[in-house]
Amino acid sequence: MKILLLQGANMVALGKRQPELYGTTTAAELDALLLKEAKTLGVDLDIRYTNVEGEAIDWIYEADNSGVDGLLFNPAGFVYAGYALRDCLKAVSLPRIEVHMTNLESRGMQSVTATASDGMIMGLGIDSYVHGLRALTYLIKTRRA
Amino acid sequence: MKILLLQGANMVALGKRQPELYGTTTAAELDALLLKEAKTLGVDLDIRYTNVEGEAIDWIYEADNSGVDGLLFNPAGFVYAGYALRDCLKAVSLPRIEVHMTNLESRGMQSVTATASDGMIMGLGIDSYVHGLRALTYLIKTRRA
Amino acid sequence: MKILLLQGANMVALGKRQPELYGTTTAAELDALLLKEAKTLGVDLDIRYTNVEGEAIDWIYEADNSGVDGLLFNPAGFVYAGYALRDCLKAVSLPRIEVHMTNLESRGMQSVTATASDGMIMGLGIDSYVHGLRALTYLIKTRRA
Amino acid sequence: MKILLLQGANMVALGKRQPELYGTTTAAELDALLLKEAKTLGVDLDIRYTNVEGEAIDWIYEADNSGVDGLLFNPAGFVYAGYALRDCLKAVSLPRIEVHMTNLESRGMQSVTATASDGMIMGLGIDSYVHGLRALTYLIKTRRA
Amino acid sequence: MKILLLQGANMVALGKRQPELYGTTTAAELDALLLKEAKTLGVDLDIRYTNVEGEAIDWIYEADNSGVDGLLFNPAGFVYAGYALRDCLKAVSLPRIEVHMTNLESRGMQSVTATASDGMIMGLGIDSYVHGLRALTYLIKTRRA
Amino acid sequence: MKILLLQGANMVALGKRQPELYGTTTAAELDALLLKEAKTLGVDLDIRYTNVEGEAIDWIYEADNSGVDGLLFNPAGFVYAGYALRDCLKAVSLPRIEVHMTNLESRGMQSVTATASDGMIMGLGIDSYVHGLRALTYLIKTRRA
Amino acid sequence: MKILLLQGANMVALGKRQPELYGTTTAAELDALLLKEAKTLGVDLDIRYTNVEGEAIDWIYEADNSGVDGLLFNPAGFVYAGYALRDCLKAVSLPRIEVHMTNLESRGMQSVTATASDGMIMGLGIDSYVHGLRALTYLIKTRRA
Amino acid sequence: MKILLLQGANMVALGKRQPELYGTTTAAELDALLLKEAKTLGVDLDIRYTNVEGEAIDWIYEADNSGVDGLLFNPAGFVYAGYALRDCLKAVSLPRIEVHMTNLESRGMQSVTATASDGMIMGLGIDSYVHGLRALTYLIKTRRA
Amino acid sequence: MKILLLQGANMVALGKRQPELYGTTTAAELDALLLKEAKTLGVDLDIRYTNVEGEAIDWIYEADNSGVDGLLFNPAGFVYAGYALRDCLKAVSLPRIEVHMTNLESRGMQSVTATASDGMIMGLGIDSYVHGLRALTYLIKTRRA
Amino acid sequence: MKILLLQGANMVALGKRQPELYGTTTAAELDALLLKEAKTLGVDLDIRYTNVEGEAIDWIYEADNSGVDGLLFNPAGFVYAGYALRDCLKAVSLPRIEVHMTNLESRGMQSVTATASDGMIMGLGIDSYVHGLRALTYLIKTRRA
Amino acid sequence: MKILLLQGANMVALGKRQPELYGTTTAAELDALLLKEAKTLGVDLDIRYTNVEGEAIDWIYEADNSGVDGLLFNPAGFVYAGYALRDCLKAVSLPRIEVHMTNLESRGMQSVTATASDGMIMGLGIDSYVHGLRALTYLIKTRRA
Amino acid sequence: MKILLLQGANMVALGKRQPELYGTTTAAELDALLLKEAKTLGVDLDIRYTNVEGEAIDWIYEADNSGVDGLLFNPAGFVYAGYALRDCLKAVSLPRIEVHMTNLESRGMQSVTATASDGMIMGLGIDSYVHGLRALTYLIKTRRA
């Protein structure tokens, strides 16, 4: 099972950026943690970071055309105006789960990509990714069945 | 570990109510499924349903005063105007996770209790409860550590 | 034919409450008048009053599960924030007509339950109930045919 | 007892226009049905259709000046911007009831003429007219007494 | 002179709930303080707490029908969506004063029951109750004179 | 000097319509008064009433093409949605003054035709017309000079 | 092939009205140009102007009932509040294209009839009509095939 | 007959300030013109300018207490936020007319004092004052009669 | 104990101004009543009226610099746009209570200075001042303790 | 004549993406069709796709600096937040026509780039491009003349 | 070169007022610092403080009439509702720069006088004044050249 | 001292783009002017232009990680929807000043990045950059001290 994890704008600065919101775990440490979890789940996990919305769109079409089974993504900085990203998600049939480290709603924010997500997990810090990966694996299996 | 699962207004009709949104699993079947999952996780799970917001508030204070370790809840019908419920959640220190069977944001809705939740999981049907129970157990352990 | 008439918050004070809006007929007098009309129509009419929204919801599910044929209701005080009541109405298949003694629209108000009503009759004082009962009887027969 | 039934913009196309909303009964069939009902009620019913808001206003003043006892009307296409029609209604003392075939509120619409109506009946298809005619007859008698 | 003090949703948690806003005086301590103040003023004070809006409405009608002279109330959690409570207040003739421990306006909030209150006292912590009790006693005497 | 006075929707009912707002002078009495004033000012005054916005537009183009020197008008019922009338006014070069018997602004209303008027006079009852006729005469002379 | 071209409020003044927006080609010149173009396309073109929205509605129903193949229309002055016209368009099955001489959107305007149009062409001056006629002819043929 | 003409904030700069809107007649020239017109009308006219809203309020109370018969005023710079001035106007019984040199409505502005004015005249440049003075004289006489 | 009572715009007209809202007690009578109450409380009360917001600001800084112990104030006409007054209040450390004779919230208004008040008392007519003076004395003593 | 056709975000997925809205013609098939049409019109057509808004901006400046005669563009995914693209269009003098396959207005959407377009053609599926290419060619010639 | 520095409402309290926002430098210390800087720049600097908006307006007209070369101003407390001040600024031709110690935009505020300013400098504490003085001197020289 | 100057979308067209707003100085000329000024200030200035928001974000992280001392930036086309850029700015500790050639506020616009800027300078044309560079140098030195 192949899964693409897409990290949106500013995620590259994880660990240094607003640690009172996002904690001190760095992007590299998160990657290691998730790759280990993926191994346990029998998942081939491809992790990518970008600050350019159009590049995220390119990668999603590429994944959709090359046999990837599911998409885990944190729109991050694209959460405010990523309408093109949202339309892209609507154009592909990949099972997808959107994750956020903080509880967006409790911060009075709304994700513009949410209308194109199957499910959302948020507010649990880096555990949002762990639970997201598990839930996505589960969802892919359910859809196949 | 003791966990209270609170089911808000109209959840009692699960399985019969708008099945195109909420599926055909009944409340009784969901309870059975979750009690089994709880057993696996070593959790003593107390499931309660109410259509009266004030009763939900009574139960949360009762839980907070009697050694319950965490709260899993679906505000359901209280999602629109449950401001008193939200203030109650802010008044207690219980770890809590809010779950929804549908992706609220993709339906253009917002949960008024979300600002008082630690985390949210939504859009995965009855699996939202399963992942919610696991994530809450995880969160309680993390907080204790 | 069995019909439930549900009177929402503050209807118990009918006749004493804001008589310039609602007249001086009391709740008891209205009940007598409607039971007489019901007899003429061959309807078994069950009239209930509550100030608790969740109790109204309980009663509707109970009616839906016990062979009641239709629901006549005045949301009254639930007209402003009765979203849970509205979702409950959407969850049941009972033919239902919403009545108001005053013309809500001409008072600049909107009923949040209206989106879950089959029909509405308003602005005719206590005659709104009389016409409502007749129209509901008619609607139940039409649906059966 | 003389009653004017005024049919607003697009009602002339009844039966052919959006049958999923308005059914397949034609304007001519509705007229026949109402004239028969009027006969039973001892009412002299004058039915008129117009697509021109100003013409509707002309007819209402004419009715008010020539001994008509009440007005039944479906603003139809004037429901959105018929402010002049609304002011006209406020200018006359005719008892009047507004009818709509669909439940406007459940479609997220509001009638601008509603603030000048004595009562409203909606959501019951062509039966909205039947109940409207009965309720108006009743209202005229009550006012006389 | 008989006065009913009604404490709305979440007031039962006073002293433990958000102490940075509401202080550490508990509900029991506040009751003792107010009963003592009532004694000094020659007032028979009945203090009640509820988390259920409909129960608050029941109690107000009961007070209005049984010779209570005035109502002191803190809508608390009903401040956001207590429209039915507001309509209830409009239905009774009891002199009433609304109190809040915090200055609602300075927190950017509005009380929906305020349109049905004679007077409001807010922002003085538990002293809001003390001054409210005195002002209500004063108001009842003035109205009698 | 030729002037067209255009009376919009519902002005025909002047004197009978909402006399607490518009007084008891009838349309006929107002015409007589204005024709007399016109004589004094040496003005050939053509007064027209219509409830049909499009007819008002026809008359304005006709006036513009046949040597009329100025337009006095009360949009009346067209005040809310008379956008087509407004565009018509923008299309012609006739000096024009808009009059209202009541002070629109103090009633919380705005005239949609106002953006196409040279001047406005309002709030002076039927004297709004008298001052309007004088001011328009003055304006025409000024433009000629 | 028979096509009705409907010109809405104020189009009769084309060429004289706000030439900085609409140019100096008159209505008569436009008609000549379009009739010539129609001849080339083998279209029997019926051009009508009206300032009365209800009359436009009458003509559309008439066209729909008498074998006209398509409708080209410029709502012009009905663009702001022509909701009845919009509902009329929804009621008929005629292929229709809406044209505007100016770019409505760049002027911050929205056409209320647009939700009932098959296509829109705007911003090209009188060429909007020429392209509209060609596109409509094309659309009719496509639908037939 | 004594009349106070109150010129609000920035009127002192008339003639130099935004001449494309307000022309080149200076404050002194306007005063001379109005004093001459007042003489003709038999009016004792007191003209005052102030940039301080509170001073305008002081003067109005002073006028109301010292036998002034009417108030002509241009709120000018107080048009946006002069709520205290508006409340002052509501507190006195002086006949009053508000004037503006430009057509406020056509500039998309609203005068906050308008809700406390008997009448308004605007859009006629300095003639707004001349017509205002005449209309006020007329109004005072009418009220006396 | 020295207290400054600040009366905002239009309070000078108390007793004559809108008596249906503010009663017939004059400013002088209110002053006498409050000075007597102050004597009883052992308070040196300085009462000032102004219609100029900036003057109110001057006085507050003066009081803050000269040993005044507390501020009682009715913003009155400054309630709508007194943002500078609000910032001034935030700049000083004086205990302060805001009073209103009417219940602002029940009139659909909000005080812009409220965000800078310690407490608010409103809706009790001139008794709002009496209770305000007592509560302020109480608050000053509490803060000292 | 050289024309640049710019295809915005997600157009690369044409034919596979939401076929119920955009049909099944692929991007490659559309290109072939348009290049053939361009040949007929004697146009040298350069077609480019991008998901990155900034890249679209780069290409437009490049076209403006290298002798391209006109711009045909479908902002597609940039339609929601492409403000930078809009400012870029305002910065160049290229004749430009914006096309959309669906009728944006009838879908309740607005294109942020529309205020910088000369003309718009929408709602005609892939024919929007064909008519757009013809209209642009026509516009370029007209501007040259 | 003569420059007027105008300090709006509450600036007189600088150094004592909300030091977490505005620092502890007092008004007197700021004046000394700026007069020294002015000397270096060869500027004759006149510094004035007022809490009364109308007085600020008086001073600006006085400056404009008496040879002052430029205006540096901090509207401070007038930032919210200083519309009359804004109109005054529009009435004079003085080069002017608006300064704020804090970054207004980052605090979610907007200055109503900004539409009448040539330039704005904000967010740099008392250095905003220093840079403002330099930029204004620069601007005056540039305009002269 | 090393400073990065970041020029946002469309700045590359400076001098040719909307010269009535931005003047005729080209990007190259501005660079020369600023490099000369930087030399005088002893600053090593790196100037970069991009139309791609994500590239701007990349550069800021790169600067933050490589010893750059401060950031001067004009978001330009990113001013409307550059939320990701704003979050990036919040993630780094670089002193930063935002500049605009025009006075954004006086054009009714707001910069979304402003909430992440230390200071803003706007409305002074290319001098905004010169003053911005000086102020940033000053700010860096102050912070170091």
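By letter and in written order, the chains are A, B, C, D, E, F, G, H, I, J, K and L; residue numbering begins at 1 in each of them.
Going forward, a residue touches a chain if its C-beta (ideal position, glycine included) is under 8 Å from a C-beta of that chain, and two chains touch if they have at least 3 such contacts.
Since the model is a prediction, treat every value here as computed from it, not as a measurement.
**Q** Name the chain pair with more contacting C-beta pairs, choosing from C-D and B-E.
**A** Greater number of contacting C-beta pairs: C-D.
**Q** So what's the Cα centroid distance for chain A and chain L, whole Å?
**A** 32
**Q** Quick one: report the Å distance separating chain F from chain L, using the average Cα coordinate of each chain.
**A** The separation of the two C-alpha centroids amounts to 56 Å.
**Q** Just the number, please: Cα centre separation of chain C and chain L in whole Å.
**A** Distance between chain centres: 64 Å.
**Q** Measuring from the mean C-alpha position of chain C to the mean C-alpha position of chain I, what distance in angstrom results?
**A** Those two chain centres are 49 Å apart.
**Q** On chain H, where are the residues touching two or more other chains?
**A** Correct list: 52-55, 81.
**Q** Which of the chains touch, listed as pairs?
**A** Listed by label, chains in contact pair as A-B, A-J, A-L, B-C, B-E, C-D, C-E, D-F, D-G, E-I, F-G, F-H, G-J, H-I, H-K, I-K, J-L, K-L.
**Q** Which residues of chain H touch chain I in their complex?
**A** Within the complex, chain H contacts chain I at residues 52-55, 57-58, 61, 81, 83-85, 87-88, 90-92.
**Q** Which residues of chain I touch chain H once you look at their complex with the stated criterion?
**A** On the chain I side, the touching residues are 8-10, 12-13, 16-18, 50-55, 76-81.
**Q** Contact residues on chain G for chain J in the complex?
**A** Chain G residues touching chain J: 103, 105-106, 108, 110-111, 114-124, 127-128, 131, 134-135, 138-139.
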